[in-house]
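Each structure below is given as structure tokens.
Look for subunit A in each of the two complexes below; its partner is subunit B in the first and subunit C in the second.
The block that comes next holds the complex of A and B.
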């Protein structure tokens, strides 16, 4: 375990050094993130200029939700998207061999190898938006304060598990980048509470594409709107999703053949 | 010219028919965001007793269905590809051909829309039944919509090319198009119908080109504006199209002069 943490720190440092070589690019990426977040907050403010409550979510809770959206999406773009993009490329080119030959878990090496450090800014901005939203919510109990990070981590892991499962198809079909692009665009739906969507879409967003759960549930927890039972289900579901996805990935890996070999 | 276009059209259609699944996926991109904001506005309208300004729940549905159709028909993505063409020097062979590179892009763009329109219509019919959309469209609106959406598509395409040509000077077109997209997110009628944008935002969206690409044609197709207002808005579209046409010619000429192929 400590070995893996050390590896993770090493990967992160390498990526940070790499990105700092392109300083202007780094700064521009952060500015872009700030513009994106600001315009999204603007969109919520426009909606709330016509109402004080949206399906039971007031402006404070809604901002918390939007903040969670950027925390989760930022996590995806910071820690997951870069590695999964490289993974698909490696499968196509047959260069996945190099990762498989190294003495560590292949899944770990493949899926957590690359980072886009500038996207940490997106998570930070998400946290700021959450804080602004919280300042409008009267009081936060101890249970909420503990439950929130747990729910958020569950959200991260759920997104990770789904990406692992989706990317496994690359072992058989090779070109699945469109599938991934579709997934990232579905992510956009997380900016509103999952209960505003009509039935068929809500079911898709909470089961097939768990973005609805990953964003909505943490926001519900901190706003004091979720019971312990719901949180318990989330934790169990997350663990199950992680185990199933990892197992699926290992089955897929058996079909991998180096293209150049 | 017509023969050239016919040949390009056939070639692009054949190329597109190889990527059938991709067509379906790209088609969904123009549906996802309108449906997201439609759902949000339905929730807002329901909280306010079913009516926001002149829009009720069924009007919102009609607006966002029209918006989805318009965003498919006006999509342009050259700003994203052009950066690579310039950076990798792939533009060089295209510049040597007797045909301006923009014509290849025009045909590619048209073919993509032709292939998407049928599956998109099916999805939109399904959505309009789910949300019980009410269109106020009259035959006059349909007649006005056709030229209006063509103006919008041309405007979106040309403004995309003007953005793309900034690649001649900077290799970070991505940042430029992010800022452009976010302005469009606010002002083009995506987060709200133009009529519901509060105070100065509405005036800004009609002073800038953004509203004319998405919001205006969508509102015309829905029948949300009277035919005389529609004509006025279309004049705005024409003015912006003319501005971008002139800008494109200037920027392109200056840019090509500045361009030097890498690795050539």
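The block that comes next holds the complex of A and C.
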């Protein structure tokens, strides 16, 4: 296990070095993130200048939700998207072979290999927005304070499991870029609480695509809208999703034969 | 008898491939319904390799070389048959086995494009759990043998093809594997880089005693490195034995090259000595049966007398032998 942590550190360091080589690009990416975040916070503020409550969500809770969205999306773009994009490319080119030749978990080597360090800025901004939102919520109990980070981590893991499951299809169909694009656009819908969407979409968002869960649940915890039982289900569900997705990936791997003979 | 490092028995691999004719209509048909066909990439081959050997694995494109190497390195499950490498069944992909072998592919790179190789080496150190002192020793040795020096500190994308291949070799061998499968390691490299890679492989084998199975399209690689060759064609084993005997078995003739002082005048009738292969400015090449080569040579020397400037008797070039093997589709010949 510590070996995998050391590997993660090495992967991360390499990516950091690489990104710092292109200073301008690095700075621009951070600026872009800041602008995008600021605009959507602005949009929420405008919305709440006309109303005080949106389907039971007041401004504080809404900001927490938005912050969670940026935390989760930032995590996706920082830690997941780069590796999964490379993974699809590797399946197509047959360079996935190299991961299979190594005495270490192929899934680990492939899915947590690349990082977009500049996207940490998005996570940081997300944290700031969460903090601002929290400051508007009068009292936060101990249970909420403990439940929130747990729910958030479950959110990260759920997103990871979903991507693992989706990308597994690449083993059989080779080109699944569209599937992944679908995922990223669903991701976008997560910036509003799932319960503002019509029923059918809500079900899609929070079951097939657990982005709603990943973003909304942590915010619900803070807003005191989730009981311990719900949190327990979330934890169990997350563990199950992770195990199932990893299994599925291994099954897919078995039918991988490399791009050439 | 020593324990074989590679022990392959009746290994087979059948691929199911999608087939379609050219043209848009066929493409559309294939989009809806795929027509599939079984291809026997490897159709039952058996061989063994002893510790420390360098064996050349020869065959035309599509002969099944890479498929065999992929099965031996655990990337593919065979359709039938057995193989053991260092006592392990490769496709079980046990970590213990993966740590003892390497597969280098001349046309693919495992190095991360945007970062210096030295950083990739560190990752490999962690993956293979190489202790720091052994890691340093390996890096130093490979740096010396491959003349890497500053190459490992440049981003890989800034390296030339030849430089990248050298670094690739270092990455593939950093864990000091006991068995190395090299698939076209010199492909696309210029002659001098080919020579250096060859020298490196020979020296590496000498120093470490690693067993090496190598495929190459460049016969020079094979001639320089391999005492023994295995020839496969259409998934079947055609020849397994000393490189030196390949000519004898596969090409029952020799080439006599005679150089004449006065130029080979058209009047000189050489057809009675053998088949004239080429004739230019005073140089004649004759193909003669192996058995009669000494006698014909003696007669040539005798008959041409003072007109003869030089004469040599050689096996045909190895490329020609191999080409002959593949085009004539001989029955299995094993040593």
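Here is the rule we go by: the second predicted complex is superposed on the first by the 260 of 261 C-alpha atoms of A that agree within 3 Å, B and C clash if a C-alpha of one lies under 4 Å from a C-alpha of the other, contacts with A are read in each partner's own complex, and residues count from 1 in each chain.
By our rule, a residue touches a chain if its C-beta (ideal position, glycine included) is under 8 Å from a C-beta of that chain, and two chains touch if they have at least 3 such contacts.
Quantities reported herein were computed from a predicted structural model and do not represent experimental measurements.
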{"item": "First (subunit B), second (subunit C), both or neither touched by A:54", "value": "first"}
{"item": "Subunit B versus subunit C as contact partner of A:46, first or second or both or neither", "value": "first"}
{"item": "Subunit B versus subunit C as contact partner of A:10, first or second or both or neither", "value": "second"}
{"item": "Subunit B versus subunit C as contact partner of A:32, first or second or both or neither", "value": "first"}
{"item": "Comparing the two partners subunit B and subunit C, which touches a greater set of residues in subunit A", "value": "B"}
{"item": "Contacts of A:103 with subunit B and subunit C, given as first, second, both or neither", "value": "second"}
{"item": "Common interface residues of subunit A - those touching subunit B in one complex and subunit C in the other", "value": "none"}
{"item": "Touching residues on subunit C, where the partner in the complex is subunit A", "value": "15, 41, 62, 64, 66-67, 70, 73-77, 93, 95-96, 98-99, 101-103, 105, 108-110, 112, 114-115, 119-120, 122-124, 126-129, 155"}
{"item": "Residues of subunit A that touch subunit C when the two form their complex", "value": "3, 6-7, 10-11, 13-14, 17-18, 21, 93-95, 97-98, 100-104, 109, 254, 257-258, 260-261"}
{"item": "In the complex, subunit A residues that touch subunit B", "value": "24-25, 28-29, 31-32, 35-36, 39, 42-43, 46-47, 49-55, 178-179, 181-182, 185-186, 188-189, 191-192, 196-198, 200-201"}
{"item": "Subunit B residues within the subunit A interface of the complex", "value": "21-22, 25, 28-29, 32-33, 35-36, 39-44, 46-48, 52-53, 130-131, 172, 175, 178-179, 182, 185-186, 191-192, 196-198, 201"}
